[in-house]
Amino acid sequence: MTPEEQQRFLDLGREVLAKQPFSVLLGAQLLALKPGYCELMVPMSEEIQQQHGFAHGGVISYLADNALTYAGGTAMRVPVVTSEFKINYLRPAIGERFIARAAAAHVARTQTVARCEVFAVKDGNEKLIAIAQGTIAKLGEAPPVPADAT
Amino acid sequence: MTPEEQQRFLDLGREVLAKQPFSVLLGAQLLALKPGYCELMVPMSEEIQQQHGFAHGGVISYLADNALTYAGGTAMRVPVVTSEFKINYLRPAIGERFIARAAAAHVARTQTVARCEVFAVKDGNEKLIAIAQGTIAKLGEAPPVPADAT
Amino acid sequence: MTPEEQQRFLDLGREVLAKQPFSVLLGAQLLALKPGYCELMVPMSEEIQQQHGFAHGGVISYLADNALTYAGGTAMRVPVVTSEFKINYLRPAIGERFIARAAAAHVARTQTVARCEVFAVKDGNEKLIAIAQGTIAKLGEAPPVPADAT
Amino acid sequence: MTPEEQQRFLDLGREVLAKQPFSVLLGAQLLALKPGYCELMVPMSEEIQQQHGFAHGGVISYLADNALTYAGGTAMRVPVVTSEFKINYLRPAIGERFIARAAAAHVARTQTVARCEVFAVKDGNEKLIAIAQGTIAKLGEAPPVPADAT
């Protein structure tokens, strides 16, 4: 990819993100996007916290889920859905922002298996706060399928 | 439990939920709460959607995560965190509201393993849209630990 | 299904199991088999133990994996592979035999999501020792694919 | 660690493996062992196959499970059990031998979260055939607990 192609790729990814009201609600931003790789960020805010002042686990699982989806979608270059994923929370989500980095581990015709690391950034330092692993499926090849949606 | 005790239990759970800004942001409501069992609901709104008009996967994983936490916390009656969970998405999240039902499968001294089913409700009908399974740990016994938070 | 059809179904399942040298090595037996449902048993023996005299976790994960595969294969009636699964060990695997019961939770065209419970049987009592959840894919629709095998 | 300490560490790990009848049954060998890192190998044999001549998924999940346990046990230097893990199968298990490499991602007081990659080796080439992620708990801190074993 030329730098121009990379920028277009990232711009396209940002357009998709801007069409997800939930991602907009969380203030999510796409920091980097390449075939099979994604960096997604959510800034800390009071709104995304749980009762102890940490970011809610659901925000961290959103980051992992969506970053995995981008990694799979850009690896296969087709519309995709996340079929399943697993996440281990490692440390409390404390920081100024949270960054998920997801990368494809194996790309097949109809699905990609990817891994994700989520970091909390505080005073310029990153701490690993969660790791995830999941399957991203080509839309229509695996549920959730639109045909099933009626 | 007497009906009064059940109501107090549910009220206590709702107080905790009201202290989670992220749960408030999503409009989450606790429908039922018993030791080792929880029903948590999020109503559909444009804000929680992804680009196809379904509820975002991150909302469904929030529901599973938080319902599992409640199931484990009420089973062990101590402050808890969700250590890890796995979710399989089965159908698109289409409906008027989404209900997660989580139940403890095994309760030990320091952790509970629980399962969760998430349903979409549309025109009075429920459809299973996701299943999850995870570990809820007594706070301080497993990460994320406050000692680790500095 | 008539009782005769059920018996034929079970016999067919046992033929497949007999063709798996690893299942034969473990002494695995198919106790029940219906569309979307499977009961698979491994008897305790010194050979399948770890260093503390319990059955090795790998034996319990074999049971879950294979029972999930049968549940998915009989639900879709096509050759299948287990794409992924997750298992939580709940209690040590102590007993005379171990029984996995797997059931389909959602059946789609190309994959089935199923759940599994593994029990230890001792003195006629069953104890839940593990729970699992996974995806079973139609062969050729998802990896591992034979085309990938060269 | 000095080379002598490393060798003693590996020897100790091999002694533990030799006490696991199931690992002996599978011909498992410990190729490398360091604090928080493990390489475990099972050679192909007819006995470990399924009906298509590939190694059975249960063998691959054994490899992942046991390698994760070693990674966690050597990271914490205490007796441990695998609490839970998740595995994605990526390619059929075809080859002369199968190697699992597991590494700790986060080490806490009572548990370690680790990741694992499983490779098939054929004609000197390695192919990634599965990835796993799981929790290894200090024995007695999390189930399966001996107190629960009666």
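Per-chain residue numbering starts at 1, and chain names A, B, C and D are given in the order in which the chains are listed.
The rule is simple: a residue touches a chain if its C-beta (ideal position, glycine included) is under 8 Å from a C-beta of that chain, and two chains touch if they have at least 3 such contacts.
Here the structure is a predicted model, which means the values were calculated and not measured.
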item: Farthest chain (mean CA position) relative to subunit A; value: C
item: Which of A-B and A-C has more C-beta pairs touching across its chains; value: A-B
item: Interchain centroid distance [CA atoms averaged], subunit B/subunit C, Å; value: 29
item: Centre distance in Å when subunit A and subunit B are each reduced to the mean of their C-alpha atoms; value: 21
item: Inter-centroid spacing, subunit C versus subunit A (mean Cα positions, whole Å); value: 32
item: Touching two or more other chains - residues of subunit D; value: 83-84, 86, 88, 90-91, 106, 108, 113, 135, 143, 145, 148
item: Subunit D-touching residues of subunit B, taken from the complex the two chains share; value: 83-84, 86, 106, 108-111, 113, 135, 137, 141-143, 145, 148
item: Subunit D to subunit A touching residues, read off their complex; value: 86, 88, 90-91, 105-106, 108, 113, 115, 128, 131-135
item: Contact set on subunit D toward subunit C in their complex; value: 16, 19-23, 25-26, 46-51, 54-59, 61-63, 65-66, 69, 81-94, 129, 143-146, 148-149
